[in-house]
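Take a look at the structures listed below.
What follows is chain A paired twice: with chain B in the first complex and chain C in the second.
Let's turn to the complex of A and B:
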(Lines of atoms letter the chains of each structure in order from A and count residues from 1; the text may use other names and numbers.)
(Lines give C-alpha, C1' and ligand atoms only; values in the text may rest on other atoms or scores of the structure.)
Protein backbone atom coordinates (compact mmCIF):
# COMPACT_ATOMS: atom_id res chain seq x y z
CA UNK A 1 0.00 0.00 0.00
CA UNK A 2 1.27 3.49 -0.84
CA UNK A 3 2.09 5.74 2.11
CA UNK A 4 2.23 9.52 1.82
CA UNK A 5 5.39 10.97 3.39
CA UNK A 6 5.39 14.51 4.71
CA UNK A 7 8.15 15.59 2.34
CA UNK A 8 6.12 14.45 -0.71
CA UNK A 9 2.85 16.19 0.14
CA UNK A 10 3.36 19.32 -1.95
CA UNK A 11 4.44 17.44 -5.06
CA UNK A 12 1.60 14.92 -4.77
CA UNK A 13 -1.04 17.62 -4.37
CA UNK A 14 0.34 19.68 -7.26
CA UNK A 15 0.29 16.79 -9.70
CA UNK A 16 -3.00 15.21 -8.66
CA UNK A 17 -5.07 14.83 -11.80
CA UNK A 18 -8.65 15.89 -12.40
CA UNK A 19 -11.47 13.85 -13.84
CA UNK A 20 -10.84 14.84 -17.48
CA UNK A 21 -9.96 11.92 -19.75
CA UNK A 22 -7.85 12.62 -22.83
CA UNK A 23 -9.54 10.31 -25.30
CA UNK A 24 -11.55 11.06 -28.43
CA UNK A 25 -15.12 9.87 -28.13
CA UNK A 26 -18.08 10.64 -30.40
CA UNK A 27 -20.43 13.18 -28.81
CA UNK A 28 -24.12 12.27 -28.77
CA UNK A 29 -25.16 15.95 -28.50
CA UNK A 30 -24.01 19.34 -29.78
CA UNK A 31 -24.70 22.93 -28.71
CA UNK A 32 -28.33 23.85 -29.34
CA UNK A 33 -29.68 20.29 -29.08
CA UNK A 34 -32.78 19.86 -26.93
CA UNK A 35 -32.42 17.26 -24.20
CA UNK A 36 -34.32 15.88 -21.25
CA UNK A 37 -32.61 14.77 -18.03
CA UNK A 38 -33.42 11.14 -17.36
CA UNK A 39 -35.64 10.36 -14.37
CA UNK A 40 -33.02 8.33 -12.53
CA UNK A 41 -33.09 7.50 -8.82
CA UNK A 42 -30.00 5.33 -8.31
CA UNK A 43 -29.11 3.99 -4.88
CA UNK A 44 -25.47 4.74 -5.67
CA UNK A 45 -23.65 8.03 -6.18
CA UNK A 46 -24.88 10.42 -8.85
CA UNK A 47 -24.26 14.04 -9.79
CA UNK A 48 -27.67 14.48 -11.42
CA UNK A 49 -29.64 16.71 -9.01
CA UNK A 50 -33.14 15.61 -8.11
CA UNK A 51 -34.67 18.91 -9.21
CA UNK A 52 -33.42 18.43 -12.78
CA UNK A 53 -34.70 14.89 -13.34
CA UNK A 54 -37.32 14.70 -16.06
CA UNK A 55 -36.74 18.38 -16.96
CA UNK A 56 -36.05 19.70 -20.44
CA UNK A 57 -33.06 21.83 -21.32
CA UNK A 58 -30.74 22.83 -24.15
CA UNK A 59 -27.10 21.86 -24.63
CA UNK A 60 -25.08 25.05 -24.14
CA UNK A 61 -21.62 23.58 -24.73
CA UNK A 62 -19.60 20.39 -24.69
CA UNK A 63 -16.93 20.38 -21.95
CA UNK A 64 -15.15 17.31 -23.30
CA UNK A 65 -14.69 13.80 -21.90
CA UNK A 66 -14.67 13.02 -18.16
CA UNK A 67 -14.80 10.05 -15.81
CA UNK A 68 -18.41 9.08 -15.04
CA UNK A 69 -18.79 9.52 -11.26
CA UNK A 70 -21.72 7.10 -10.92
CA UNK A 71 -19.76 4.02 -12.02
CA UNK A 72 -16.44 5.28 -10.66
CA UNK A 73 -17.99 5.58 -7.17
CA UNK A 74 -19.38 2.05 -7.45
CA UNK A 75 -16.02 0.61 -8.50
CA UNK A 76 -17.44 -0.54 -11.83
CA UNK A 77 -15.20 1.49 -14.11
CA UNK A 78 -14.48 5.01 -15.33
CA UNK A 79 -16.91 4.85 -18.27
CA UNK A 80 -15.49 8.08 -19.83
CA UNK A 81 -18.07 10.20 -21.64
CA UNK A 82 -18.89 13.75 -22.72
CA UNK A 83 -20.06 16.25 -20.12
CA UNK A 84 -22.28 19.09 -21.31
CA UNK A 85 -23.32 22.38 -19.82
CA UNK A 86 -27.10 22.16 -20.10
CA UNK A 87 -29.25 25.28 -19.81
CA UNK A 88 -32.58 24.93 -18.02
CA UNK A 89 -35.20 27.64 -17.94
CA UNK A 90 -35.94 28.53 -14.30
CA UNK A 91 -39.66 28.00 -14.98
CA UNK A 92 -39.00 24.49 -16.26
CA UNK A 93 -37.33 23.71 -12.91
CA UNK A 94 -39.32 25.78 -10.43
CA UNK A 95 -42.66 26.42 -12.10
CA UNK A 96 -44.54 29.53 -13.11
CA UNK A 97 -43.61 31.41 -9.92
CA UNK A 98 -39.96 31.50 -11.03
CA UNK A 99 -38.66 34.69 -12.60
CA UNK A 100 -38.73 34.86 -16.40
CA UNK A 101 -35.45 34.91 -18.35
CA UNK A 102 -33.58 33.18 -15.53
CA UNK A 103 -31.57 30.07 -16.34
CA UNK A 104 -29.74 27.34 -14.45
CA UNK A 105 -26.71 25.74 -16.08
CA UNK A 106 -25.86 22.21 -14.98
CA UNK A 107 -22.82 20.20 -16.04
CA UNK A 108 -24.33 16.82 -16.90
CA UNK A 109 -22.79 13.57 -18.09
CA UNK A 110 -24.09 12.08 -21.34
CA UNK A 111 -25.60 9.09 -19.47
CA UNK A 112 -27.97 11.50 -17.70
CA UNK A 113 -29.47 12.80 -20.94
CA UNK A 114 -31.93 11.75 -23.65
CA UNK A 115 -32.81 13.68 -26.81
CA UNK A 116 -35.99 15.73 -26.32
CA UNK B 1 -28.84 8.25 -3.94
CA UNK B 2 -31.69 10.55 -2.95
CA UNK B 3 -29.93 11.69 0.21
CA UNK B 4 -29.81 14.78 2.39
CA UNK B 5 -26.78 16.05 0.46
CA UNK B 6 -28.93 16.85 -2.60
CA UNK B 7 -30.24 20.14 -1.21
CA UNK B 8 -31.11 21.96 -4.44
CA UNK B 9 -34.62 23.39 -4.29
CA UNK B 10 -35.24 22.64 -0.61
CA UNK B 11 -36.85 25.31 1.57
CA UNK B 12 -36.36 26.12 5.24
CA UNK B 13 -32.61 26.53 5.60
CA UNK B 14 -32.70 30.33 5.82
CA UNK B 15 -30.65 32.79 3.81
CA UNK B 16 -27.20 32.03 2.44
CA UNK B 17 -24.95 34.29 4.50
CA UNK B 18 -21.39 34.32 3.15
CA UNK B 19 -18.74 35.05 5.75
CA UNK B 20 -16.38 37.91 4.75
CA UNK B 21 -12.74 36.74 4.52
CA UNK B 22 -13.81 33.20 5.36
CA UNK B 23 -10.84 31.16 6.60
CA UNK B 24 -10.10 27.80 4.94
CA UNK B 25 -10.52 26.13 8.33
CA UNK B 26 -12.48 27.42 11.31
CA UNK B 27 -10.93 24.98 13.79
CA UNK B 28 -7.68 23.04 13.96
CA UNK B 29 -9.53 19.71 13.95
CA UNK B 30 -10.92 20.57 10.53
CA UNK B 31 -7.40 21.04 9.17
CA UNK B 32 -6.49 17.65 10.63
CA UNK B 33 -9.56 15.90 9.15
CA UNK B 34 -8.77 17.35 5.73
CA UNK B 35 -5.12 16.21 5.94
CA UNK B 36 -6.19 12.74 7.14
CA UNK B 37 -8.48 12.47 4.12
CA UNK B 38 -5.71 13.35 1.66
CA UNK B 39 -3.13 11.10 3.34
CA UNK B 40 -5.59 8.20 3.52
CA UNK B 41 -6.69 8.75 -0.07
CA UNK B 42 -3.07 8.33 -1.12
CA UNK B 43 -3.23 4.72 0.13
CA UNK B 44 -4.97 4.07 -3.20
CA UNK B 45 -7.84 2.07 -1.70
CA UNK B 46 -10.59 4.32 -3.07
CA UNK B 47 -11.17 7.19 -5.51
CA UNK B 48 -12.68 10.66 -5.11
CA UNK B 49 -16.16 9.56 -6.19
CA UNK B 50 -16.11 6.77 -3.61
CA UNK B 51 -15.18 9.44 -1.02
CA UNK B 52 -18.19 11.51 -2.01
CA UNK B 53 -20.48 8.49 -1.89
CA UNK B 54 -19.09 7.59 1.55
CA UNK B 55 -20.10 11.02 2.87
CA UNK B 56 -23.60 10.45 1.48
CA UNK B 57 -23.89 7.38 3.69
CA UNK B 58 -24.30 9.54 6.80
CA UNK B 59 -27.87 9.19 8.16
CA UNK B 60 -29.95 12.06 6.75
CA UNK B 61 -30.93 13.70 10.06
CA UNK B 62 -27.31 13.61 11.23
CA UNK B 63 -26.06 14.94 7.89
CA UNK B 64 -28.27 18.04 8.10
CA UNK B 65 -27.26 18.73 11.72
CA UNK B 66 -23.48 18.53 11.20
CA UNK B 67 -20.82 20.59 9.48
CA UNK B 68 -18.82 20.12 6.29
CA UNK B 69 -15.74 18.57 7.90
CA UNK B 70 -17.86 16.36 10.12
CA UNK B 71 -19.15 14.89 6.85
CA UNK B 72 -15.54 14.42 5.71
CA UNK B 73 -14.64 12.66 8.96
CA UNK B 74 -17.69 10.39 8.70
CA UNK B 75 -16.82 9.47 5.11
CA UNK B 76 -13.20 8.75 5.97
CA UNK B 77 -14.11 6.51 8.91
CA UNK B 78 -16.68 4.74 6.71
CA UNK B 79 -14.06 3.96 4.03
CA UNK B 80 -11.30 2.99 6.49
CA UNK B 81 -13.66 0.50 8.12
CA UNK B 82 -15.10 -0.74 4.81
CA UNK B 83 -11.60 -1.43 3.46
CA UNK B 84 -10.56 -3.19 6.66
CA UNK B 85 -7.82 -0.66 7.47
CA UNK B 86 -9.35 0.31 10.82
CA UNK B 87 -11.78 -1.57 13.03
CA UNK B 88 -14.80 0.30 14.46
CA UNK B 89 -13.64 -0.77 17.93
CA UNK B 90 -10.30 0.96 17.33
CA UNK B 91 -12.05 4.24 16.51
CA UNK B 92 -14.32 3.87 19.55
CA UNK B 93 -11.35 3.07 21.82
CA UNK B 94 -9.44 6.14 20.62
CA UNK B 95 -12.47 8.41 21.08
CA UNK B 96 -12.94 7.02 24.62
CA UNK B 97 -9.24 7.62 25.35
CA UNK B 98 -9.46 11.24 24.16
CA UNK B 99 -12.59 11.75 26.26
CA UNK B 100 -10.78 10.46 29.36
CA UNK B 101 -7.84 12.79 28.70
CA UNK B 102 -10.22 15.70 28.55
CA UNK B 103 -11.77 14.97 31.97
CA UNK B 104 -10.97 17.79 34.37
CA UNK B 105 -10.20 20.25 31.56
CA UNK B 106 -12.53 23.02 30.50
CA UNK B 107 -14.71 22.08 27.54
CA UNK B 108 -13.21 23.01 24.18
CA UNK B 109 -14.82 25.83 22.26
CA UNK B 110 -16.10 23.47 19.60
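Let's turn to the complex of A and C:
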Protein backbone atom coordinates (compact mmCIF):
# COMPACT_ATOMS: atom_id res chain seq x y z
CA UNK A 1 0.00 0.00 0.00
CA UNK A 2 1.57 3.27 -1.09
CA UNK A 3 1.14 6.14 1.32
CA UNK A 4 1.66 9.74 0.25
CA UNK A 5 4.24 11.41 2.49
CA UNK A 6 4.70 15.14 2.77
CA UNK A 7 8.21 15.02 1.33
CA UNK A 8 6.94 13.29 -1.82
CA UNK A 9 4.07 15.66 -2.56
CA UNK A 10 5.86 17.95 -5.00
CA UNK A 11 7.33 15.12 -7.04
CA UNK A 12 4.09 13.13 -7.14
CA UNK A 13 2.13 16.15 -8.32
CA UNK A 14 4.71 16.92 -11.01
CA UNK A 15 4.69 13.36 -12.30
CA UNK A 16 0.95 12.88 -12.04
CA UNK A 17 -0.32 11.53 -15.32
CA UNK A 18 -3.94 12.09 -14.64
CA UNK A 19 -6.53 9.91 -16.25
CA UNK A 20 -5.70 10.59 -19.90
CA UNK A 21 -4.70 7.43 -21.79
CA UNK A 22 -2.36 7.83 -24.73
CA UNK A 23 -3.77 5.18 -27.05
CA UNK A 24 -5.45 5.44 -30.42
CA UNK A 25 -9.02 4.22 -30.13
CA UNK A 26 -11.78 4.67 -32.69
CA UNK A 27 -14.30 7.29 -31.62
CA UNK A 28 -17.93 6.27 -31.81
CA UNK A 29 -19.08 9.89 -32.12
CA UNK A 30 -17.96 13.15 -33.66
CA UNK A 31 -18.90 16.82 -33.29
CA UNK A 32 -22.45 17.44 -34.46
CA UNK A 33 -23.74 13.92 -33.74
CA UNK A 34 -27.02 13.72 -31.86
CA UNK A 35 -26.81 11.52 -28.78
CA UNK A 36 -28.90 10.50 -25.81
CA UNK A 37 -27.44 9.88 -22.36
CA UNK A 38 -28.28 6.42 -21.08
CA UNK A 39 -30.68 5.98 -18.21
CA UNK A 40 -28.10 4.24 -16.03
CA UNK A 41 -28.45 3.99 -12.27
CA UNK A 42 -25.42 2.01 -11.16
CA UNK A 43 -25.05 1.15 -7.48
CA UNK A 44 -21.38 2.10 -7.56
CA UNK A 45 -19.39 5.07 -8.75
CA UNK A 46 -20.43 6.95 -11.87
CA UNK A 47 -19.85 10.39 -13.34
CA UNK A 48 -23.13 10.51 -15.27
CA UNK A 49 -25.19 13.15 -13.43
CA UNK A 50 -28.83 12.34 -12.73
CA UNK A 51 -30.02 15.48 -14.48
CA UNK A 52 -28.68 14.23 -17.84
CA UNK A 53 -29.88 10.62 -17.78
CA UNK A 54 -32.18 9.92 -20.72
CA UNK A 55 -31.64 13.44 -22.08
CA UNK A 56 -30.80 14.27 -25.70
CA UNK A 57 -27.87 16.40 -26.68
CA UNK A 58 -25.35 17.11 -29.43
CA UNK A 59 -21.64 16.26 -29.41
CA UNK A 60 -19.69 19.52 -29.15
CA UNK A 61 -16.16 18.08 -29.15
CA UNK A 62 -14.09 14.97 -28.57
CA UNK A 63 -11.67 15.42 -25.64
CA UNK A 64 -9.69 12.26 -26.33
CA UNK A 65 -9.28 9.00 -24.44
CA UNK A 66 -9.49 8.63 -20.67
CA UNK A 67 -9.78 5.97 -17.98
CA UNK A 68 -13.42 5.06 -17.33
CA UNK A 69 -14.18 5.84 -13.68
CA UNK A 70 -17.19 3.53 -13.28
CA UNK A 71 -15.05 0.42 -13.77
CA UNK A 72 -11.75 1.82 -12.51
CA UNK A 73 -13.23 2.82 -9.15
CA UNK A 74 -14.74 -0.67 -8.78
CA UNK A 75 -11.41 -2.34 -9.57
CA UNK A 76 -12.81 -3.97 -12.69
CA UNK A 77 -10.54 -2.33 -15.24
CA UNK A 78 -9.58 0.99 -16.82
CA UNK A 79 -11.68 0.49 -19.97
CA UNK A 80 -10.20 3.55 -21.72
CA UNK A 81 -12.60 5.35 -24.04
CA UNK A 82 -13.38 8.68 -25.63
CA UNK A 83 -14.87 11.48 -23.54
CA UNK A 84 -17.04 14.08 -25.25
CA UNK A 85 -18.37 17.50 -24.37
CA UNK A 86 -22.11 17.13 -25.00
CA UNK A 87 -24.32 20.18 -25.39
CA UNK A 88 -27.82 20.06 -23.87
CA UNK A 89 -30.49 22.68 -24.38
CA UNK A 90 -31.74 23.85 -20.96
CA UNK A 91 -35.33 23.12 -22.02
CA UNK A 92 -34.41 19.48 -22.61
CA UNK A 93 -33.02 19.28 -19.07
CA UNK A 94 -35.39 21.47 -17.08
CA UNK A 95 -38.56 21.74 -19.19
CA UNK A 96 -40.24 24.64 -20.93
CA UNK A 97 -39.84 26.97 -17.94
CA UNK A 98 -36.05 26.86 -18.27
CA UNK A 99 -34.15 30.11 -18.74
CA UNK A 100 -34.06 31.11 -22.40
CA UNK A 101 -30.99 30.67 -24.57
CA UNK A 102 -29.23 28.49 -22.00
CA UNK A 103 -27.10 25.44 -22.73
CA UNK A 104 -25.28 23.01 -20.46
CA UNK A 105 -22.08 21.41 -21.73
CA UNK A 106 -21.39 18.17 -19.91
CA UNK A 107 -18.34 15.91 -20.32
CA UNK A 108 -19.50 12.34 -20.81
CA UNK A 109 -17.70 9.06 -21.41
CA UNK A 110 -18.66 7.11 -24.52
CA UNK A 111 -20.20 4.34 -22.37
CA UNK A 112 -22.81 6.83 -21.17
CA UNK A 113 -24.06 7.62 -24.68
CA UNK A 114 -26.24 6.14 -27.40
CA UNK A 115 -26.86 7.62 -30.82
CA UNK A 116 -30.16 9.53 -30.91
CA UNK B 1 -24.86 32.40 -1.41
CA UNK B 2 -23.15 35.40 -2.93
CA UNK B 3 -19.70 36.85 -2.93
CA UNK B 4 -18.92 36.66 0.78
CA UNK B 5 -17.74 33.31 2.03
CA UNK B 6 -20.72 31.41 3.37
CA UNK B 7 -20.23 29.50 6.57
CA UNK B 8 -19.30 25.93 5.68
CA UNK B 9 -21.88 23.45 6.88
CA UNK B 10 -20.89 22.05 10.31
CA UNK B 11 -21.80 18.60 9.09
CA UNK B 12 -19.31 18.87 6.24
CA UNK B 13 -16.55 20.13 8.54
CA UNK B 14 -17.15 17.32 11.05
CA UNK B 15 -17.24 14.72 8.34
CA UNK B 16 -13.99 15.91 6.76
CA UNK B 17 -12.27 15.91 10.16
CA UNK B 18 -13.54 12.41 10.87
CA UNK B 19 -12.34 11.11 7.51
CA UNK B 20 -8.94 12.71 7.95
CA UNK B 21 -8.57 11.25 11.47
CA UNK B 22 -9.50 7.81 10.25
CA UNK B 23 -7.06 7.94 7.34
CA UNK B 24 -4.27 9.06 9.67
CA UNK B 25 -5.14 6.41 12.25
CA UNK B 26 -5.06 3.64 9.66
CA UNK B 27 -1.73 4.86 8.33
CA UNK B 28 -3.19 5.56 4.88
CA UNK B 29 -2.29 9.22 5.04
CA UNK B 30 0.95 10.72 6.31
CA UNK B 31 0.29 13.59 8.77
CA UNK B 32 2.13 16.25 6.79
CA UNK B 33 0.86 15.24 3.34
CA UNK B 34 -2.40 17.17 3.39
CA UNK B 35 -0.68 20.32 4.65
CA UNK B 36 1.96 20.04 1.93
CA UNK B 37 -0.65 19.67 -0.82
CA UNK B 38 -2.66 22.64 0.43
CA UNK B 39 0.46 24.78 0.83
CA UNK B 40 1.66 23.84 -2.63
CA UNK B 41 -1.53 25.00 -4.24
CA UNK B 42 -1.97 28.02 -2.01
CA UNK B 43 1.58 29.31 -2.36
CA UNK B 44 2.70 28.44 -5.83
CA UNK B 45 -0.50 28.68 -7.81
CA UNK B 46 -3.35 31.09 -7.99
CA UNK B 47 -5.61 32.91 -10.40
CA UNK B 48 -2.74 35.20 -11.39
CA UNK B 49 -1.62 32.40 -13.71
CA UNK B 50 -4.93 32.26 -15.56
CA UNK B 51 -5.02 36.07 -15.53
CA UNK B 52 -1.61 36.26 -17.19
CA UNK B 53 -2.72 33.90 -19.93
CA UNK B 54 -5.89 35.90 -20.60
CA UNK B 55 -4.06 39.25 -20.58
CA UNK B 56 -1.53 37.94 -23.09
CA UNK B 57 -4.36 36.60 -25.27
CA UNK B 58 -5.99 40.01 -25.21
CA UNK B 59 -2.81 41.69 -26.44
CA UNK B 60 -1.60 39.01 -28.88
CA UNK B 61 -4.00 37.52 -31.43
CA UNK B 62 -1.74 34.57 -32.18
CA UNK B 63 -1.48 33.70 -28.48
CA UNK B 64 -5.24 34.07 -28.14
CA UNK B 65 -5.78 31.48 -30.88
CA UNK B 66 -3.20 29.21 -29.26
CA UNK B 67 -4.80 29.47 -25.82
CA UNK B 68 -8.20 28.56 -27.24
CA UNK B 69 -7.06 25.78 -29.59
CA UNK B 70 -3.94 24.37 -27.92
CA UNK B 71 -4.22 25.33 -24.25
CA UNK B 72 -1.57 22.86 -23.05
CA UNK B 73 1.02 24.41 -25.39
CA UNK B 74 -0.10 27.95 -24.55
CA UNK B 75 0.33 27.28 -20.83
CA UNK B 76 3.74 25.72 -21.47
CA UNK B 77 4.71 29.06 -23.09
CA UNK B 78 4.14 30.57 -19.63
CA UNK B 79 6.14 27.84 -17.93
CA UNK B 80 3.05 26.04 -16.64
CA UNK B 81 2.71 22.28 -17.08
CA UNK B 82 -1.01 21.48 -17.19
CA UNK B 83 -2.57 19.24 -19.80
CA UNK B 84 -6.27 19.30 -19.02
CA UNK B 85 -7.43 22.89 -19.42
CA UNK B 86 -10.13 23.97 -21.86
CA UNK B 87 -10.55 27.74 -22.32
CA UNK B 88 -13.99 29.01 -23.29
CA UNK B 89 -14.34 32.45 -24.78
CA UNK B 90 -16.91 35.07 -23.79
CA UNK B 91 -18.27 37.01 -26.76
CA UNK B 92 -21.08 39.52 -27.26
CA UNK B 93 -23.24 36.51 -28.20
CA UNK B 94 -22.20 34.08 -25.45
CA UNK B 95 -21.46 34.23 -21.72
CA UNK B 96 -19.73 31.21 -20.18
CA UNK B 97 -19.96 29.87 -16.63
CA UNK B 98 -18.03 26.98 -15.04
CA UNK B 99 -19.24 24.58 -12.35
CA UNK B 100 -18.70 21.06 -11.06
CA UNK B 101 -22.09 19.70 -10.06
CA UNK B 102 -20.75 16.31 -8.95
CA UNK B 103 -18.06 17.59 -6.57
CA UNK B 104 -15.91 20.72 -6.93
CA UNK B 105 -13.45 20.10 -9.76
CA UNK B 106 -11.54 23.28 -10.47
CA UNK B 107 -8.42 24.13 -12.50
CA UNK B 108 -6.10 24.36 -9.47
CA UNK B 109 -2.93 24.67 -11.48
CA UNK B 110 -3.99 27.88 -13.21
CA UNK B 111 -6.46 29.28 -10.72
CA UNK B 112 -5.33 28.07 -7.29
CA UNK B 113 -7.84 26.77 -4.76
CA UNK B 114 -11.55 27.33 -5.39
CA UNK B 115 -13.69 29.74 -3.38
CA UNK B 116 -15.93 28.18 -0.73
CA UNK B 117 -19.13 29.15 -2.54
CA UNK B 118 -18.00 27.26 -5.64
CA UNK B 119 -17.93 24.04 -3.58
CA UNK B 120 -21.31 24.61 -1.92
CA UNK B 121 -24.42 22.64 -2.99
CA UNK B 122 -26.33 25.85 -3.76
CA UNK B 123 -23.94 26.97 -6.50
CA UNK B 124 -23.36 23.47 -7.83
CA UNK B 125 -27.05 22.79 -8.35
CA UNK B 126 -28.22 26.23 -9.41
CA UNK B 127 -25.43 27.06 -11.86
CA UNK B 128 -26.72 24.40 -14.27
CA UNK B 129 -30.43 24.95 -13.66
CA UNK B 130 -30.75 28.73 -13.33
CA UNK B 131 -27.43 30.37 -14.27
CA UNK B 132 -28.88 33.78 -15.10
CA UNK B 133 -30.47 34.04 -11.67
CA UNK B 134 -27.19 32.95 -10.04
CA UNK B 135 -25.21 35.48 -12.06
CA UNK B 136 -27.64 38.24 -11.13
CA UNK B 137 -26.99 37.43 -7.45
CA UNK B 138 -23.29 37.93 -8.16
CA UNK B 139 -24.16 41.30 -9.67
CA UNK B 140 -23.83 40.25 -13.29
CA UNK B 141 -26.92 40.67 -15.46
CA UNK B 142 -26.69 38.82 -18.77
CA UNK B 143 -29.04 40.34 -21.38
CA UNK B 144 -31.66 37.94 -22.74
CA UNK B 145 -30.17 38.14 -26.25
CA UNK B 146 -26.89 36.62 -25.05
CA UNK B 147 -26.68 32.86 -24.70
CA UNK B 148 -25.44 31.39 -21.43
CA UNK B 149 -23.21 28.32 -21.74
CA UNK B 150 -22.63 26.40 -18.51
CA UNK B 151 -19.67 23.98 -18.47
CA UNK B 152 -20.08 21.14 -15.97
CA UNK B 153 -16.62 19.71 -15.26
CA UNK B 154 -17.86 16.15 -14.92
CA UNK B 155 -14.75 14.42 -16.31
CA UNK B 156 -11.00 15.14 -16.38
CA UNK B 157 -11.10 18.43 -18.26
CA UNK B 158 -11.01 21.69 -16.33
CA UNK B 159 -12.53 24.86 -17.68
CA UNK B 160 -11.52 28.50 -17.54
CA UNK B 161 -13.42 31.44 -18.98
CA UNK B 162 -11.67 33.99 -21.19
CA UNK B 163 -13.59 37.16 -20.30
CA UNK B 164 -14.10 39.94 -22.82
CA UNK B 165 -11.65 42.82 -22.92
CA UNK B 166 -13.36 45.69 -21.10
CA UNK B 167 -13.95 48.92 -23.02
CA UNK B 168 -11.30 51.61 -22.56
CA UNK B 169 -8.45 49.14 -22.03
CA UNK B 170 -6.34 50.17 -25.00
CA UNK B 171 -3.73 52.07 -22.98
CA UNK B 172 -3.13 49.43 -20.36
CA UNK B 173 -0.09 47.17 -20.37
CA UNK B 174 -0.40 43.41 -20.23
CA UNK B 175 0.57 43.44 -16.53
CA UNK B 176 -2.00 46.11 -15.72
CA UNK B 177 -4.64 44.10 -17.53
CA UNK B 178 -3.67 40.90 -15.72
CA UNK B 179 -4.05 42.65 -12.37
CA UNK B 180 -7.68 43.44 -13.24
CA UNK B 181 -8.64 39.84 -14.07
CA UNK B 182 -10.16 38.22 -11.00
CA UNK B 183 -10.82 34.56 -10.34
CA UNK B 184 -14.52 35.42 -10.38
CA UNK B 185 -14.10 36.53 -14.01
CA UNK B 186 -12.22 33.30 -14.84
CA UNK B 187 -15.03 31.21 -13.31
CA UNK B 188 -17.60 33.30 -15.16
CA UNK B 189 -19.50 34.98 -12.31
CA UNK B 190 -18.09 38.42 -13.08
CA UNK B 191 -16.81 40.46 -15.99
CA UNK B 192 -13.54 42.36 -15.98
CA UNK B 193 -13.91 46.04 -15.25
CA UNK B 194 -11.54 48.96 -15.23
CA UNK B 195 -11.43 51.54 -12.46
CA UNK B 196 -13.35 54.67 -13.36
CA UNK B 197 -11.05 57.37 -14.66
CA UNK B 198 -10.86 60.50 -12.56
CA UNK B 199 -12.84 63.19 -14.38
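Just so we're on the same page, the second predicted complex is superposed on the first by the 109 of 116 C-alpha atoms of A that agree within 3 Å, B and C clash if a C-alpha of one lies under 4 Å from a C-alpha of the other, contacts with A are read in each partner's own complex, and residues count from 1 in each chain.
We adopt the following convention: a contact is a pair of C-beta atoms (placed from the backbone, for glycine too) under 8 Å apart; a residue touches a chain by one contact, two chains touch by 3 or more.
What you see is a predicted model, and the numbers here were worked out from it, not measured in a lab.
Trainee: Chain B versus chain C on the shared chain A, clash or fit?
Mentor: Superposition result for chain B and chain C: clash.
Trainee: Would you sort A:4 into first (chain B), second (chain C), both or neither based on which partner it touches?
Mentor: both
Trainee: Just checking: does A:83 make contact with chain B only, chain C only, both, or neither of them? Give me first, second, both or neither.
Mentor: A:83 sits against chain C, while chain B stays out of touch.
Trainee: Quick check for you: in the superposed arrangement, does A:105 touch first (chain B), second (chain C), both or neither?
Mentor: second
Trainee: Quick one: name whichever of chain B and chain C touches more residues of chain A.
Mentor: If we count touched residues of chain A for both partners, the winner is C.
Trainee: Taking the superposition as given, does A:14 touch the first partner, chain B, the second, chain C, both, or neither?
Mentor: The second partner, chain C, only.
Trainee: Check the residue A:23 against both partner chains and state whether it touches chain B (first), chain C (second), both, or neither.
Mentor: After superposing on A, A:23 lies clear of both chain B and chain C.
Trainee: Of the partners chain B and chain C, which touch A:66 in the superposed model: first, second, both, neither?
Mentor: A:66: touches chain C, not chain B.
Trainee: Is there a shared patch on chain A that both chain B and chain C touch, and which residues make it up?
Mentor: 1, 3-4, 9, 13, 19, 49, 51, 93-94
Trainee: Contact residues on chain C for chain A in the complex?
Mentor: Checking each residue of chain C against chain A gives 27-33, 35-37, 40, 81, 83-84, 86, 101-102, 128-133, 144-157.
Trainee: Spell out the residues on chain A that touch chain B in their complex, using ranges where they run on.
Mentor: Interface residues on chain A, with respect to chain B: 1-4, 9, 12-13, 19, 41-46, 49-51, 67, 69-70, 72-75, 93-94.
Trainee: Contact residues on chain A for chain C in the complex?
Mentor: These residues of chain A touch chain C: 1, 3-10, 13-14, 18-20, 47-49, 51, 63, 66, 83, 85, 90, 93-94, 98-109.
Trainee: Give the list of chain B residues in touch with chain A in this complex.
Mentor: For chain B paired with chain A, touching residues are 1-2, 6, 8-9, 38-39, 42-45, 47-50, 52-53, 56.
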